[in-house]
Structure formats: C-alpha cells, structure tokens
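First subunit A sits with subunit B, and in the next complex the same chain sits with subunit C.
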Partner chain A sequence: MTDRDVRAALREWIVRTSGRIGGEALRDDTPILEQRILTSLHVLELILFLERLTGRPIDVQRLRPGAFRDVDSICRLVAAGPAS
Partner chain B sequence: MRSLEATVATLAAASRRQAADPSTWLEWPAAVDRTRYFMSPELVSVYGTETWESLDEAARRRLSFWETVNFFSLNIHGERPLVAGLAERLYRDGREDVEAYLHHFLGEENEHMVYFGGFCRRYAGKVYPDRKVTFPREHAPGEEDFLFFVQALLFEQIVDAYNVGCARDERLEPTARRIHLLHHLDESRHLAFGRRYVAELFARHAGAWSRETLEGVRSHLRAFLAMTWGEYYNPAVYADAGLPGDPYALREAAFAHPRCRDHRRAVTARCLRDLREIGILDWEAEP
Partner chain C sequence: MSHALSVPGVLPGHRWLPSGQSSLTGPLLDLYRRVDRMFVGWAAEWGAGDYLFPPFLSARDLAGVDYLRSFPHLATFPVALDPADENLLEFTRGDVPDARGRVRLTATTPVLDVLTPAACYHFYVAFRGEQLEGPRYVTTRATCFRRETHYAPLARQSSFSMREIVCLGTADEVKAFLEDGRSRVARALDAIGLGVAWETATDPFFRPRQNPKHLAQRLDPLKTEMMAGGLAIGSVNLHRSYFGEAFQIRRDGRDASSGCIAFGVERWLHAIVACFGPDPAGWPSLEAV
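After this line comes the complex of A and B, so read on.
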C-alpha cells in the first residue's frame, strides 16, 4: 500500500469516526487531537484500523509523544514499521 | 440514599473481613485443563455469529481460553490506571470522607492484577498488550475527578456482568471460575462505593458546569463505553485461537452482528440505569 493510499484511507476514517470535520477541512497537518477532532477514546480503534491497513502490529508502549498529532505524523508512524 | 460516610464505613469493614478469610484465597495448579470452557460460551465475543456456528466444540473451548486471557488482560489494563489514579487521590483536600475506603479499593485492585496476571503468564505465557493511550486535556473544576470515578464504575459494571455469569457456570475450568468469583466479591463493594461516590461528585460539581461541559461529559461517556466494548473484540484472540480468515474482518463482523449488539445493549442498559436516575446521562444505551 502506497503512502498516498494510506493517507486517503486514514483521512476517510478520521472524518467518518469523528463526525466533527468534513473531508475538505481536514489537512494533513491539521492537529486532530489538539482540535479534539479525535480524542484518547478513539485511539484504540485507530490503532486497530492502522494494524489492519498495514498488516503490522503497533506497539503502543513504544509510541513517541506526538505520534497521533496529525495525518502526517500517523503516516510517519506507519512508514516506520512495528518498532515505532 | 445512604450517607457517604455510612457507605464508606460498611464497605471498609466488609473489606477487612474478606481479607482475613482464607476461603477467599487462590491456589495455582501447575496446569489447567485446556479442553474445558474457560468463559461461558454465551459471553464469548463471537457467540451467535456465523463464525461461532462454524466452530466445532473443541474450537469453541479453545477460543474461550483466549477470550479469557483477553478479558483478564483488559482488566489488568483497566486496573493499572485505576491504581495510579486512586493513589494520586489519597490525602488530597476534600477527600477525607472516603480515604478509609480508598485504601481498601486501591489494595484490592492491586490484588486483582496479581491473579489476572498470574493466570495469563502461567497458562498463556503472555498478557495481551494495551492499545489505549491517554492524552492530557483541560477540564472544568471537578470534571476530571468525576470522569475518573464514573469511568471506573462503568468499566467495573461491565466486567462484573462477566464475572457473575462465569462464577456461576459449572462448565468452566475451576481456576478461571474461581478468579471470576473472587473478583466479583471485591467488585460488588467497589460498585456500591462507585454508585454512591459518583452521585456525590455529580451533586458537588455539576451545578457549576456549563451546558457545554455537561454535554461534553455525556459525549465522553458514550465514547468511553464504545471503546470499552471494543476491547472485548480482540483480533489477536481470534488469531491465537486459530479461527480461519482475517482476524480484523472477524472482529468487525462480530462487533456489527445483531446478537452481539443486543448482548452489549443488555449489559450496558443495566450499567446505565443508575446514571440516568442520578441525571448524569440523558441517553439510552447504544454501544
């Protein structure tokens, strides 16, 4: 799956899950947690979504601060692989 | 409603009595009989779905073992922040009325992790990892404290429905069944405290909250329930149990299945009844 595919699927998931932002308004650098587009309570489903998308588990204990800040950050997390 | 002081005194005395009772201790066998059921089949996450119907009896029992490992794991991951949050709240101003019981609450939650973790490590060789992450945010006065205790209450109410069902079920492997029973004995006190204290905190703080804060609390609790239920459907369980197909697709199908939705609704409806009576919630259960 290309980076472009991941971004498109991720943006669609965020818009559908949040219900608080339209697809046109969500940029790749929109701070999705700071603006409460998503909250801590969405992260479980986001991680499962990313695992299914990439076929790789995500080790939550090794996540860096800011890993879910925006679409760009999440795509970097996905690209970096399971040790991220 | 009984006074908070009377509730705390009664529950603290009951905790002391139970701690001294050897009949409530747990012994670990060297191995557990993996051909038995470990969780009541009706409580297994995919029960009633096409996946469940496709499994033979041995596969159903194998799945019930991994579902139990998941249930015990999610309890551990619910109790870790609970223990941390209870410790953080001890000896703070305005908490004098419940301190005596918070010590028991904290100690008992630590004990629960010992036997949940003991089962998972001994018989499965692992604890399923936590997928939850918490981000700090601003709260209205009293809101964070209220959310801490009401989330603990909701989490424990759902867990207790499973504990009660499994503790009564003679089909289950005895060690797993006993853990369910022991947990329920403690949780029945935690739930009594939680119901009373959540009502107290709501009465103490909610009057000063803006309409936006109150709606935010309600919306948060709805999302919390959805997340909590989401943990009961773990793709790693389906993979470990050897279920055929994509475990993530199995999870999605099971979560959306009418029987599973009805089960969640039934358990959640009982959990939310008290909160609606207090006025905390204004919506029906729809997890």
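After this line comes the complex of A and C, so read on.
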C-alpha cells in the first residue's frame, strides 16, 4: 500500500468517524486531537483501523507524544513500520 | 526525597490524623494563609473573580465528563441514612461505631453527590450553557477529597486544599493564559528560592492501560506538573474544548476552551518546610512575589 493510498483511506476514515469536519477542510497538517476532530474515545478505534489497514500491529506503549497529531504524523508512523 | 514528614506533630502547628488529614494552627496555619494569599494575588493579575463552592458536586453533573468511570478509585461519596424511623431505630440498636471504629450503615438514601475531587469542576457546572463575550478568568479554593492507597502528612491526604486559577475562552486565549501563568509561577518560585522541575504528566486514570483517555493524554500531553523534590505541588492543565463541549459553554461561535493552573496548598507547605526547614523563622516571605 502506497503512502498515497494510506493517506486517502485515513482521511476518509477521519471524516467519517469524526462527523465534525468535511473532507475539503481536513488538511494533512490539521491538528486532529488539538481541534477535537477526533477525541480520546476515537484513539483506540484509530489504532485498530491503522492495524487493519496496514496488516501490522501497533505497539501502543511505544507511541510518542505527537504521533497522532495530524494526517502527516500518522502517515510517518505507518511508514516507519511495526517498531514505531 | 521522601514525601513523608517523618514525625507527625514535629512541625509547629501540625497535627496528623489517621484518616489521612491534617489540622493546622499557629505558624503553619499562618503559612497556609500566606501561601493562598500569594495565589489569590496572582489570580488578581488576570482580574479573576473569586468563588466559594460547597463541598458536594452532583454525580449527574460529573457524568458529562465521565468522571466516575475515569476515576472511581479516587471518588468519595457523602452518604446519609434513610430517614425512616424504623431504619434509624435499627441503626441505633447496633454498635455505632463498633470496637474497630467502623459504622455499620442500615438503609441509606440514594447517593446523588460526590465530594469535590478537583476545584475547577464547579466552574463548568456553574457556567453551563453560557455564551462568553470574552475570556473569563476565575479562581477558587476548594477542599478536595480523594481516596488513595496511602497517605502522608501534607503530601498525600484524603482531604486537601486546592487553589485553582481558571481561564475559559478561545483556544488562543487559554493558550496565552497558560503560558503567562507558567511564567508567572516560575518567576515567583525563583524569588522564593524554591526549585521545581516542570514535567509532563497524565491524570491518574483507573486502569490506565485500558483507558483511551490515558492513551490520548500520552499522545497529546495536556498536563505539566511543578515537581518540588519529586512531589507535584501544582500543575498547568489544558483541557482544550472538553469542558466547553460537555457543558455547552460557547465562546466566539465555538465550544469554549479552558485551562487551569492548580496548586495543592498543603503540598506547598510540605515543599517549603522540606526546603527551608521546620523553623518558621527560616520560611520565606511570600509578599510581593
């Protein structure tokens, strides 16, 4: 799966799950937790979505501050692979 | 550094109770008042309105922020006996309390309230549904109640005093308040000569590994604590629009953001005594800091 595919699927998932932002308003650097586009209750769903999308587990204990800041950050996390 | 002042009663004016509470008099009570006056002075620099709230918060009001599911291990409840005459009679027939000091309750009235766990909750309840015309700065000192696994004099108590300075406004207004607030506190700590380290922290959630809120706080840190010798004597907290959304408080066409600067008054006493010694003559002046 290319970065472009991941990015498109992620954006679509965020817009559908959030219900608070349209696809045209969501930029790749829009801070999604800071603006509460996704709330804390969505974080586990997001992890499960990313695991399904990439077929790789995410080690929650190794996630660092800012890992889910925006679409760009999440794509970097996905690209970095399972060790991230 | 230990969080326990080793010998209860060794401090002038301090008495430690087995229930995890302190009583204060004399020089230590004077220090308590001076510390809180210092906080009130800082709050006045934002023109913060001062409030006094009662000790109960409605459990229904806290449901909007899921407090009882997030922190059931900390919650303390006020409880009363069902007033039916027979129920009260049955209660009085038992050992009250028994030989171990325990009260065996007969039927109780429904529990509708929680003893205040943190001072600033009262503000969001009080301002529910309001449209704010500008940033709102407020302050209160509340006696807070938390169940803990262990207690230590002035450092970890079942009831303690929390002073908070709170800002509700736009995201930018709250961000500016917290930045100014942290600088203000840092300047005062320098003047007092009390060294602290500022450390990112998370709230003490129940079963944090299973709680998405804990994970979200790790990913998006919102709390910075002022650590004096390993003890958090205060914190700077950004809530984003969490409370604004839960209590329908609006600012500038959006859910209001909020943030608070919180101080544990007894912990400041602990830090001052730990740093400057138990002799009141050595305690710093807190005027004009």
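To be clear about the criterion, the second predicted complex is superposed on the first by the 84 of 84 C-alpha atoms of A that agree within 3 Å, B and C clash if a C-alpha of one lies under 4 Å from a C-alpha of the other, contacts with A are read in each partner's own complex, and residues count from 1 in each chain.
The working rule: contacts are C-beta pairs under 8 Å (C-beta built on N, C-alpha and C of every residue); 3 or more make two chains touch, one makes a residue touch a chain.
Predicted, not measured: the structure shown is a model, and the values here were computed from it.
Once the complexes are laid over each other on subunit A, subunit B and subunit C cannot both fit and instead clash. In the superposition on chain A, no contact is made by A:T2 with either subunit B or subunit C. In the superposed model, A:T39 lies in contact with both subunit B and subunit C. Contacts of A:E51 after superposition on the shared chain: subunit B is touched, whereas subunit C is not. Judged by the touch definition given at the top, the superposed model places A:D59 against subunit B, while subunit C stays out of reach. Within the three-chain overlay, subunit C meets subunit B in a clash at only one of the listed stretches 131-139, 203-211 or 275-283, and that stretch is 203-211.
Overlap of the subunit B and subunit C contact sets on subunit A: residues 33, 36, 39-44, 60, 63, 68.
Subunit A meets subunit C in the complex at residues 33-34, 36, 39-44, 60, 63-69. In the complex of the two chains, the subunit B residues touching subunit A come out as 129-135, 137, 220, 223-224, 226-227, 230-231, 235, 246, 248, 251. On subunit A, the positions that touch subunit B within their shared complex are 33, 36, 39-45, 47-48, 51-52, 58-61, 63, 68.
Listed in rising order, the residues of subunit C touching subunit A in the complex are 171, 200, 212-213, 215-221, 240-242, 245, 255.
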